[in-house]
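Labels A, B and C are assigned to the chains in the order they are written; within every chain, residues are numbered from 1.
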Amino acid sequence: MNEAASESIPVQRQQHFRELRVFLKLVLKNPLSLTGTAIIVFFVVMAVVGPFIAPYPRQAEGVPDIANQLRPPDWEHWFGTDELGRDLLSRIIFGARISLMTSAAVVSVAIIVGMPLGAIAGYYGERLGAVIMRVTDMFLAFPPLLLALVVAATLGGSLLNAILALIITWWPWYTRLAYGQASATRNLPYVDSARAIGVGDAKIIARHILPATLAPILIQATLDLGSAIIAAAGLSFLGLGAQPPTPDWGLMVNMGKTYFLQHWWYATFPGLAILVLVLGFNLLGDAIREATDPKLSRRRLI
Amino acid sequence: MQDLVVNFHTLDGVVHALDGVTFDIRKREILGLVGETGCGKSATGLAILKILPDNSEIVKGQVILEGDEILHKAENQVMNIRGRKIAMIFQDPASSLNPVFPIGKQLLDVLKIHNKATDQDSLRKLAHEKLIMVELSDPESVMTLYPHELSGGMQQRVMMAIALSSSPLLLIADEPTTALDVTIQAQLLVLLKKLKETLGLSVLLITHNLGVVRELCDRIAIMYAGSIVESAKTDRIFKNPLHPYTRGLISSVVTGRLRGKILDYIPGTVPSLLHPPPGCRFHPRCSYAIEACKQSRPELLEVEDGHYAACYNMPKEPWWRT
Amino acid sequence: MVVLGVILITFIVSHVIPGNPAALWVGAHPTAQQIQRATEELGLNKPIYVQFYIYLTNLLRGDLGVSIRTHDTVLSDVATGLTATLELIISAFLIAVVAGILVGVFSASHRDHVPDHAGRLAAIFGVSMPPFWLAMILQIIFSQTLHVFPLGSRMSTQVSIMYPLKTITGFNLIDSMLTFNFVAFGDSFWHLALPSLALAAYPFGLTVRMIRTMMIEVLQENYTRSGLAWGLPSRLILFKYALKNAISSTVIALGMSFAYTLTGAFLDELIFVWPGLGTYTALSILALDYPAIMGSVIVVAIFYVIINLLVDIFQAFLDPRVTL
């Protein structure tokens, strides 16, 4: 994957196209990844179109309907209603948008913060790199959710704070990934030749190091989108995330907890939604990972 | 082996690896299977034991061992043959031995499988015998070592010990010395020759090294791009190579007589087996090619006594190189 | 070194809290005077770096401070919680790893065929499951409807009264065996079942995925081919040879997933009312009880480090090529 700096751009592009085609073929052939993609697409569509097709949109936003409290699933309310009589299905549909945006926000900001840090650390090595990595290791030493819990609790419960807490927890992973890739790339001949020509450090990092770190980060990001949803739901479940009346899935499971032994539908359906969406991300991410791992594609003997 | 055709199904398409390979090996004979890298000689060896990778397809062909056709057999029957009647050693002994188990364990496990009724102590004694047989002194301590603690030569001897532990009829040696020093190589080849005599072993020696073949083999089969192009007794091949490819091969080897002269080579490159050339697969590079060579693949026919070649237009000039 | 950093960060974070710990200490309806006195007692009116210094010196003496919420020493709180949590985590992990290895090997040996897809699907399900949700579903199905397992806590009150359990190690299962209290043993086991299962889902998924990947890689290696050529039966090759190679590479990741199970335990404990460290920590955090928070976090961090060490040792044990 290290084309000499002197190779012409069209040849590089050709190579990339070919790799892309093989990659797509592998991913799409796999029924698991197809399902995963389908699920994700479904939820994205739901997030976008949802407000228009949800049967009880105003209830989703919080308008109660006390007369219909805690009704089990029936033809009027496919998923039943909650303790304020709100239709669960509509709330779940609205919740899709929240979950998707939350995880997207967490992952993207974590990458924006973590990737350059890691790239810089890897590129400069020595003192600067060591310092950055030490700090990163300190953060990584925390069991993942613990830090988020503490931060979220400190800042107070709200969706924004939860996102912030998760970003603080998540960025070190990307820094470490980027660092690994950057350190490896730094010593490659074409980087040296670029430096010899006199290309500035910033430019080298931007054009050569960062793209090299992109691949493993993207794979990780696909999986992390799913994990972020679970983490955010976990925080909401503890009351540290979205607050009522926001139709956040984790929050709904939390509220459902009190009622759910008698009214099983309240906690089940939001949790199911979480499960399926995360499943989608994981299926896709897993398939991508298997397709891009060079060690996994050779021969099979037994 | 008769007319073996094997394909590999890859992401890029079907690779026609073996296209009708035919040869035979006699008792107490070392047959050298010679060819360039990629000509399919390794695949041939693997096919005999049916340990080809999962994307392979044996389209047709037969392998007959002592009158018994083995290629069509079911897996559990083939397992009886592996290690017992036919054994195989591979090119890189370091990676061919399991790194997390000591030698003793690996050897004993194989012995246990092939000698089900024997008890632990006899098995150990047997293991020691085998190690001594391959000229490893102090078998007791060797058995406690891990593969990475041995030198390359010792590793390959261990591989031979394990492979020959049940006195098989045939040993397939896939480039056993290519990864080793020349001096070690010489020692191992001498050992191989000795074992042939003492065990009554037949050997299929797969290699690309003509020098080795000349030293060791009784007969030679030359392979190119998936099929045998010539086979005969060793000195016959070198004295009078019939097939143009064989001639090219031998003349491209450096010998003392070439001092001051330009080294011969065969123009062109080995064809891709995804889209092999029609007819004789060598014809694009052959200076003796005629129209018939493009039409169909020449069969391996007996030209002189015991000397087979597959060519429509063998060169008529006598061969004056040694 | 790393642990120090952890302490520092936690300290900083928890001291930025807007709440008033002194108020919490005093309890309900504090008067201004009581708050003032508590603040002095707790040393909260001293500048922050002094507080940190005091904390560190106390720490070195083994004094983790006193929980603002429970008014017990954090040390004792953590100790009782720790064993309960460990019991839960260990059993969950055992289930996960054993099942995970079996499914992983099975999946790898039938790669790209139906059994493989089924195995991978199971693994991904495990990994995608919101742990709190799974716990609740298990509760509904097995507790409520089928009445097979109890709803929560470590022992039924009946049993703990009629057959009181002497606490030796803090591990109910071990203690009950040591004291020949078989009724308590059965009861504890019965209570352990559902929470462990719920917690095991995630590490199960991880294990399957890892084992499968490593097995696939190992099965492509030359030494696997040798094993075949020697006539070894494929089951032997799979479970003995290939597995050992595969496992030695996964031990690190397995260790990490063990530590990760700790965080899942938090949520699990809350739902099953399991009196462990997770519940304690969660409650402390929600109440902004910072000595307790500090204590729990430190213990967990130390735990992490110890696990890492153990993992390194274990790997050296399995793979002769690795030197300590």
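Here is the rule we use: a residue touches a chain if its C-beta (ideal position, glycine included) is under 8 Å from a C-beta of that chain, and two chains touch if they have at least 3 such contacts.
Predicted model only: the values in this text are computed from it and were never measured.
*Asks:* Which two chains does the highest number of contacting C-beta pairs join?
*Replies:* So the pair of chains linked by the most contacts is A-C.
*Asks:* What is the chain whose Cα centroid lies farthest from the Cα centroid of subunit A?
*Replies:* B
*Asks:* Approximately how many whole Å separate the CA-defined centres of subunit A and subunit B?
*Replies:* 52
*Asks:* Hey, how far is the Cα centre of subunit A from the one of subunit C, in Å?
*Replies:* 24
*Asks:* Report, in whole Å, the distance between the mean C-alpha point of subunit B and the mean C-alpha point of subunit C.
*Replies:* Here the centre of subunit C sits 55 Å away from the centre of subunit B.
*Asks:* Would you mind listing the residues of subunit B that make contact with two or more other chains?
*Replies:* 51
*Asks:* Any chance you could list the residues of subunit A touching two or more other chains?
*Replies:* Within subunit A, the residues that touch at least two other chains are 298-301.
*Asks:* Would you mind listing the residues of subunit C that make contact with two or more other chains?
*Replies:* In subunit C, 225, 228 touch at least two other chains.
*Asks:* Going by the contact rule set out above, which residues of subunit C touch subunit B in the complex?
*Replies:* Touch list, subunit C to subunit B: 221-223, 225-233, 236, 241, 244-245, 248, 318-321.
*Asks:* Could you pull out which subunit C residues touch subunit A in their complex?
*Replies:* 2-3, 5-6, 8-10, 13-14, 16-18, 109, 111, 117, 120-121, 124-125, 127-133, 136-137, 139-140, 144, 209, 213, 216-217, 219-220, 224-225, 228, 234, 237-238, 259-260, 262-263, 266-267, 270-271, 281-282, 285-286, 288, 293, 297, 300-301, 304-305
*Asks:* Using the touch rule from the top, collect the residues of subunit A that touch subunit C in their complex.
*Replies:* Residues 31-32, 134-135, 137-139, 141-147, 149-151, 153-154, 156, 226, 230, 233-234, 237-240, 250, 253, 257, 260-261, 264, 267-268, 271-272, 274-275, 278-279, 281-283, 286, 293, 295-296, 298-302.
*Asks:* Considering only the defined contacts, which subunit B positions touch subunit C in the complex?
*Replies:* 49, 51, 79-84, 87-88, 90, 92, 95-101, 109-110, 113-114, 146, 148, 159, 162-163
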